[in-house]
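I have a structure I would like to understand better, so I am pasting it below and will then ask my questions one at a time.
As written, the chains take the letters A, B, C and D, and residue 1 is the first residue of each chain.
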């Protein structure tokens, strides 16, 4: 077996080296494929690793996710914002011409922002999983596989490819939650997987409809071709809900959100981070990229109604979070609430709203990643997540408490942290769209403040629970993980301009297609 | 009819001949074999099927028509023959170790071989008579194969049930045929097609077609003609079930394509709505009834019932794309279901039972087996990047292409695939999430490993690079429809 | 034409009797005989309908009938063998007793 | 040079925050030094800015800006705006902050987390100065929230005790509630104007772009934020509880600067408020009611800091009242003087608390001898607060009363009554705390160290002399052409009677004990209880939160788990049940299978027949 595993590892490395070498030799960098392939290669190598080298797993995972993150940052820096932005780093290759499938990748400003988010979260997620001891290799391999899927969705310009990556991103969750989760993990894993795949089934129907109705010969899944197609209004109105709800499930759209609290609460730390941080964004991303962009008339017809549901998302999520007793449930419901802001921003179809929505996708991704990491670290020390069991942990864990405070403040939309920028833009957009909704949505943030501070007060403030008299504060790996995340929150909260400009270059394209109000 | 005595170009039967020759050798060897020596029948069957397959693929028999079209060789026939031989080869390869200790393996292999020959003749049948005879050749040899496990009463019960329900359905089938004969005045498919034309058709013929649907439904295990399937899948010898679940089902779809799409397209107004009903019922019952199962073979039986429902969508579409989707899906299904049954074969032999609970911790006991089984289940559920996804996508697409009126069928299918995912995940949960109940690895054996790897490769290749197979199926399906 | 129709009616009646027997009788042998009856109804049809057939196709109905009889015999043999084997194991030939495989 | 260099004013404290947080955290005195150094430079720069304004004139605001974020339709900046208002506020904030930071060296000398303390203080100063210098609505809001969070962190500085933890949360949530109005108002006006910029919006308001009614709505919404921040009724409940924070923090944030941000905001947006008489009326009434309401409660409080807290609320009410009746300069002048004497009073109270380790006045007493510096400076502050001539408060309050009398007699009556109460409760504090015989906690009290005394003295001096800048201040704020309103001596002489009466009453009750205050409390028991329980406002809010919000929340949580998720699980259950039931159709009896085949065929025939196929 040793020979086999070394052979496999050698082959993967050689393929990787060959791939990069080819790019270097021909001076044609496949940026997006590179970013996508890195985690996958890491995952394959980890799977091929023998058991006795299992302790190397984490380092390999970090060694592959760190360059992925750095490349994402490079991607964001290299993205040319000047002018209309548009799609960049495009790659195109024929795949299955008989079905009109092509390997077609490209990102616009929105996609680039999501790449950045994913890169940061996956590296932080690898660090946050440092304490996993059970079946480590499978854990990291699945985690990295999933990440490749996520990258793929954000870059796909072909609906088939989009769907393929989408499933690759969603399905490993079943095992990740089922094997390494806590609590009713099998139940949660099953619920999450079935619910999300039900969404994807509806998406698929929508995709096929788009495919046939485009009327081009030969038929194609290429999204750029579909963008040029004017689907009939009746068609758009019929299929928009399929796509919106299909993606909406993943985006935590009320009332299709109940997989999220259970799933996030049961999932292991890094999986919660990735899931709430990145995967839920796939849903919102899909709504923008597929539902809204391809079916603009349908969007205009349906979104005013869906917007009402997002208001429920925001306020209801916050109110429900208020009376949760389990820390992870609080954060899960807060995700439901915050994702409502994202979808509301999309529903407004305004410049400010869409920019805010995407910014919130980024911001919430980082913030919720930070939260879940913190909860994971705390749970690792206290072995409880029940809020009432905590108390005064700040005394013993000042570092964790500080990061929790930063996360909490970002969550309640404190200016100076990235959450505010996003929420503010969404509210601006929502006001133009419908003032009543904007007011109710804004009221939601008061509730958010209430429950976030309540959690802070109950868990980290107050007299120290003597039960935890000798727990320890965060270690170096954890601090690194938390610092990366918190730095993003602060950086883009203090000076959002670069990120907003990046996102705006994509939003301009969406609005040009949708023809939304300014 | 004057062709019967004509000089016949027997070379059109080359592939069947190769297999038959192998069967003859097998019989002879088993006869002269000294007692106590292991029977080489498996090897001979494998060699025969692989030879026939290679011959069929590398040197395809050219198009031909014998006896006024009572037997034809065309692209469709060649495609299905290759498919049957592939199934036979893989099933034989995988069951070497399983069969080692069985006293009845000689007869069993013979029956599988005969049934394959029957299937190969069946897909070439161009006349109701030859169709009926070859169909019965397939069926009777499978009845026998199903009941051959003499050491288990359940095997015989399964065989008898299979036979009785099969004979009952056959009776309906040929009763229907007799009306078609009355309505169209001929048993030749070409003549029947001409008689039906595009018009509403003779009422007797219409009634006959409806009755024939019952017989076809039995073959593909479509609801409500499916009820034999769970019992036979559970009771029959696993290699037979593995083989029958893919090959016999494929044979059923082959004659469905031949009869309905190829011959009775003029009556599509009659059979399309009926098949729609059957498809929905089949998908629904298959998906739901599998949920409470605790026996893996029974679960897979219901799963294969559900799969038949999906394939029916392609027939319902009735277009070249629909037929090619059916052909594609059947090939994918071959790899997928065989992978599943090979895993079952190995685990059941090791565990001594078929309980799903025996799969607990399989991922730790035999990673390859668990991986193959998981991929098979995911492919059945239609998850990319596996062949099952492309196949299902293609089937759904073919239905949506026809008209948006079939949209509901696709929505039902897509939703039910989530229901079926539920029980597939339950099995995956046992394999990957639960801890092993007993320690120790489960050995797979080299032959079965090769078979499994072939199946995995088949699933993955059809999922990631389906181009070749797609082009082939499109080429096969093209001439069948539309004239 | 009239006689063909009446043959068809007779065949249908025979078929119906066969169906009834196959569904209602409990003894395996009786059921097998009933199924033979159903097959024979088809045979009757084929023979009588061959009069309606196109001139060149008349014989094919009769040939079909012969094949059905042959195949039915083969089927019956296998069925009887299985009933025997089951009878040896379970000491009964009642079909409703053969229900170890269910649900 | 100005105002670009002013970027340093908020930047230096912010840098101090970063440096303390990342570098000097382990060395607490070094951290304190960094913070004080930063604020000192900021203070000097602020003084420079003010003198620049005084010499170069403050008619037109000087603005520099930087793009903060930009999309196709949004254009948000951060920048610096130097004009009279911001110039004055800079000085007020930096002065008080500097005093408080120096004072804290003594007051917090035993605190192990001193680094954290100074880090928070620095962050607060940075945000507050950013707020003061804001050029646009967005920046104002951003800094507005940031000072709020600093307040939250500092109130909860001793987070390992329940009360501060709770008070901090309450402060944040309550102000946040007001900020909701601010946010909505801000979105309304900025969406309508297509800009966040004060200058642009002011121009549009002046051009009559919007109706007074609409502007009034916006103004009232914005005022919600101001009311929350400045603890106006009914959002005042957080400020008394905020006294759980360290006393210097109370002096800086909850007396002099942050709570005055609401007043500053109204003054800054005076162009908007003054465009709507209705909004002005709202501001005035809320201010007037707050002034008397809080003063009444202050009469009966036992906690020295709470008395001062209610007094702060009351004084903020006066400022709002002044703004509401159109006296922007008067309001701001009261803010200016109040900052010094209220900071002084808090620091004095802190000195007392530092010495006695209690907040309860009734455990003190007789501290005059033991803490003379504290006593005399405290008296100076009290007289200023009471509005006794010629202390600073006299000038500012007199201007307000004069203005109000001209506008609204009812509000004037409230204001006068409030003034009476003010004098009375300050007298009460002094009598109970410093005079009379020593009680339990006063036993080993001693004067505070010099680092605490020096700020007291400086602030005391400012409390005495700040009032004399009255005319200059008004000129600066109103702009050169506006005629500064002189002191009306006759009016002043009459109103001067009010605080004197209050002092007299206080002395009678608490020094001469005739009538005996306890007896009065018994005699007017319902009224006394009403005041003691702070008009039951806290109880009302608790009831609303407990009974309505939390029950709603629990109800929704139940709904989510049992109805929404119940539906999901119900579907799953139904699916499983269907499967289970369907499985029993498979009876195992072969004739049933055959029946199904026959039945199926029959159904197919029937369907085909019904459909008319044959």
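In this text, a residue touches a chain if its C-beta (ideal position, glycine included) is under 8 Å from a C-beta of that chain, and two chains touch if they have at least 3 such contacts.
Just so we're clear, the structure is a prediction, and the values are computed from it rather than from any experiment.
Common neighbours of chain A and chain D under the contact definition above: B.
The chain pair with more C-beta contacts between its two chains, of B-C and A-B, is B-C. The distance from the centre of chain B to the centre of chain C, with each centre set as the mean of the Cα atoms, comes to 26 Å. Separating the centre of chain A from that of chain B, both taken as means of CA atoms, is a distance of 42 Å. Centre to centre, using the average C-alpha position, chain C and chain D are separated by 95 Å. Rounded to whole angstrom units, the spacing between the C-alpha centres of chain A and chain C is 64.
Looking at chain D, residues 583, 586, 588, 590, 594, 598 sit in touch with two or more other chains. For chain A, the set of residues touching two or more other chains reads 194. Among the residues of chain C, those touching two or more other chains are numbered 22, 31, 95, 98-102. Touching chain pairs in this entry, ordered by label, are A-B, A-D, B-C, B-D, C-D. Only residues 1, 127-129, 132-133, 136, 140, 143-144, 147, 150, 153-154, 156-161, 163-164, 167-168, 170-172, 174-175, 177-179, 181-182, 185-188, 191, 230-231, 234-235 of chain B touch chain C when the two sit together in their complex.
Listed in rising order, the residues of chain A touching chain D in the complex are 191, 194-195, 254-255, 257-259, 262, 316, 319-320, 322-324, 350-352, 355, 392, 394-395, 405, 409, 412, 414-416, 420-421, 424-425, 427-428, 431-432, 435, 438-439, 442-443, 445-447, 449-450, 453-454, 456-457, 460-464, 495-497, 500-501, 504, 507-508, 511, 518.
Of all the residues in chain C, the ones that touch chain D in their complex are 19, 22-24, 31, 95-96, 98-103.
Chain D makes touch with chain A in their complex at residues 67-74, 138, 141-146, 149, 152-153, 156, 159-162, 165-166, 168-169, 172-173, 176-177, 180, 183-184, 187-188, 190-191, 549-550, 552-554, 556-557, 560, 564-565, 567-568, 572. Listing the residues of chain B that touch chain D in their complex gives 160-161, 164-165, 168-169, 172, 200, 203-204, 206-207, 210-211, 213-214, 217-218, 223-225, 227-228, 230-231, 267, 269-270, 273-274, 277-278, 285, 288-293, 419, 422.
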